[in-house]
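Two complexes follow with subunit A in common, the first pairing it with subunit B and the second with subunit C.
And then the complex of A and B:
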């Protein structure tokens, strides 16, 4: 009885401490960033006036932005493809059940984690001085970014595969390449494709804003229109993006449902 | 040899043969579509591809800067330094996540299929959430800058509203997956709506809610690092200045700062999430 009562008390203290910590964190953050809800309420009319500036959308502008929109999709397609291809060796290196040696899979995972911490916009900004303003920088940024996503998801799938076929192949004397090709690949190919498409969905959205730092696509125009306060064109670009992203997500979701 | 295979195929029942043909046709069509898409994508790429004439120099300068980061920038008198900017970034992510965690609860119940009798109610909820999701946070930040001016508050609001889309979806799904029998038992014993909510629904979904919120916090920390590019506070502003000014040693130290911060946050949040679920 004592034990139960004590445990309850302990867990209550723990909850209380967590709540206090959370409140302190929120208060500290609010203090540091000088949040003022007075500003928000006095600013709400400004949001509506900005939204009112956006209406009506400049429908004729759809025609003009189709080219950059296609370029954005192209950046996403090529970046995801290169990232997917480059991720294959890293996936095999990072999986415990393929590589076997901790001296290989821990460093590979460490590099993967490093890659995933860098925001794609920053990657793009680093590639722009190398390739110049244009889509090539965007493609490189998306390549590195999707490499991180696909490899992370896929190596976990590789680690979860059925070891039976692998053991059978070892038993009949397959070499490492045959072992990977006939034992690992058939088991994870569908997962890999699914993650590839998932990364593609994310990348289409990411590619839209890449132009902000000069890495090609529709973002450059978006930035120009925002800077010159042509809000009814801004809303056209946003609507166009929404439609394209929605269509791509729909198709990709349908394919992914069929894959898994 | 060849006649043998033909004979074998002829032996197959007719519907199986038909299915085989259909399958081959389907694979062929899919392959053709994929090849067309790639042909289109690569043609544009090859047409536009160019490397800056002084790319070699740039790469050298960037690497040099990243290898020799500007350590003095970490702490500087006056407070315009890396540490303060990182703390600001974290604060933006904390408050943004908190706002979205509160805001998304009604959306989650709206979008959950088992919380309303009519299908179109949850359907519209899901549609609204996905519409919020596709609105990029940078655009939202620009809108909020129009309302509350430049500064971290605009970033907080942008993250807060953008995350509602994803969090609402995840919360809604965890509501859909919960066990409804405790709720029915409570209703049967005469509990009112608030009581069923508090005693049957909240205890079931709370651990998942917290886990998803932490996950979203990890995403928001990454997002908060770039909000400053449009002037919505955090590390992004000094970063974009350093990038535009080509002061690569400054870029290097900021990059290291972001990597260290995100890694620590991911580690802590991952450890807590493991204990939660």
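And then the complex of A and C:
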């Protein structure tokens, strides 16, 4: 009986300490970044004045930004496609049930995790000095970024497949490539396509921002308009992006529902 | 002919799977292996096509050692051995025909099989195999649209398309109901008789073993404790194999 009471007391102290720690972390972060609620409240009128500046949207500007918007989508399409293709060997190498040898799948996963730690904007900033300002750097950034997403999700799907057909393919005397193609691929093809489309959705949004570091697309114009206080054009770009992203997500979701 | 010479299997955790097995199975025989679950039936069967590796001894198939076979040679030897599993092991999302054709991969180049460029002869062979198990009309259905019994027949057709000389069936009817059990066993028996394919089946139903087998091999704790024609396998023999009298649930009849 004594023990139970002691345990309860101990767990209460644990909870209390956790809460104190979290509050300290929150307060510390706020203090160091100089957040103040006063600024937040005094800034409220600015929200309305900024909104007033944005309205009405510059409708004629739609026409002008269509070109850069299409470029953004093209960057996403090419980047996702290259990333998807390059992810295939990484997926197979990372999957314990395909590769079997820990000397292969651990390094493959390590590389994969390394890739995933780099945010796409940083990737773009790395590629701009290599390929110069323009969409090529953006495509490379999106390629590496989507490789990370697709490979991570897909290798987990590969590890969850039914091992039965794999055993059957071993028994019929299939070589390793045939074994993968007949045993693994049909079981994960739909998952792979679904993750591919999911990565594409994320990439369209990511590609909008890439222009900030000079990696092509609509971002650079957005940046210029913000810098020159042309808020009625900024809102046009934001609305345009919203519509395009919504349409792409709607279509992609419909296809993914059909796939799985 | 399949020949085991002093075959022993010890699992990494020290469990003895097979203990000094010496065994000859002749061409065209229909052999049923019986024994309690965990007795080593499955290990014995799977060591033949090296789905399980053995620790000691050697296994010969038509005079050639599969134990020593490496690389391409091993794949070729496996190609000639069809295997039927308790859970069918079909790719559920693929068509029946594609599942059957997957038995043909060992006959063609990798590229040809990946592109799906099957020779007409192969398609004919696959359809003929389906015909033999009476499900030719399902050739273009997805495998998961079929009932359990039909799926097991697809896997038999896969072994037939493989033009296997030996069929290994590991508890082929354990996931089926009594009626489809008989249909699948009838198919196996008929194929054995018509095509002369050596057939080795693991079963745990004693009456089923008696009804279909020519020869019964009893396994207990990794050792062969009985090997003889079906007529010699009396109730007393089964009690010896099982280490206790036969129970009701070891008879298929009792399941109805």
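Please note the rule applied: the second predicted complex is superposed on the first by the 257 of 260 C-alpha atoms of A that agree within 3 Å, B and C clash if a C-alpha of one lies under 4 Å from a C-alpha of the other, contacts with A are read in each partner's own complex, and residues count from 1 in each chain.
Keep in mind that, in the parts below, contacts are C-beta pairs under 8 Å (C-beta built on N, C-alpha and C of every residue); 3 or more make two chains touch, one makes a residue touch a chain.
What you are looking at is a predicted structure, and each value in this text was computed from that prediction instead of being measured.
*Asks:* Should A:181 be classified as contacting the first partner (subunit B), the second (subunit C), both, or neither?
*Replies:* second
*Asks:* Regarding the shared-chain residue A:190, is it in contact with subunit B (first), subunit C (second), both, or neither?
*Replies:* The answer is second: A:190 touches subunit C but not subunit B.
*Asks:* Answer with first, second, both or neither: which of subunit B and subunit C does A:171 touch in the superposed model?
*Replies:* A:171 sits against subunit C, while subunit B stays out of touch.
*Asks:* Contacts for A:239 in the overlay, against subunit B (first) and subunit C (second): which applies, first, second, both or neither?
*Replies:* Neither: A:239 stays clear of subunit B and subunit C.
*Asks:* Counting residues of subunit A touched by each partner, does subunit B or subunit C come out ahead?
*Replies:* Comparing subunit B with subunit C, the partner touching more subunit A residues is B.
*Asks:* Considering each complex separately, which residues of subunit A are in contact with subunit B in the first and with subunit C in the second?
*Replies:* none
*Asks:* Mind listing the subunit B positions that touch subunit A in their complex?
*Replies:* Touch residues, subunit B against subunit A: 37-38, 40-42, 44-45, 48-52, 55, 58-59, 61-62, 87-88, 90-92, 94-95, 98, 130-131, 134-136, 138-139, 142-144, 146-149, 151-153, 156-157, 222-223, 225-226, 229-230, 233, 239-240, 243, 246, 251, 255, 258-259, 262-263, 266.
*Asks:* Applying the document's contact rule, which stretches of subunit A touch subunit C when the two form their complex?
*Replies:* 162, 164-165, 167-175, 177-178, 181-183, 186-187, 189-190
*Asks:* Quick check: in the complex, which residue numbers of subunit C touch subunit A?
*Replies:* 49, 51, 74-83, 85, 87-94, 98, 102-103, 105-106, 110, 113-114, 155, 158, 162
*Asks:* What residues of subunit A sit close enough to touch subunit B in their complex?
*Replies:* It comes out as residues 25-26, 28-30, 32-36, 39-40, 43-44, 46-47, 49-51, 70-71, 74, 77-78, 81, 113-114, 117-119, 121-122, 125-126, 129-132, 134-136, 139, 205, 208-209, 212-213, 216, 222, 226, 238, 241-242, 245-246, 249.
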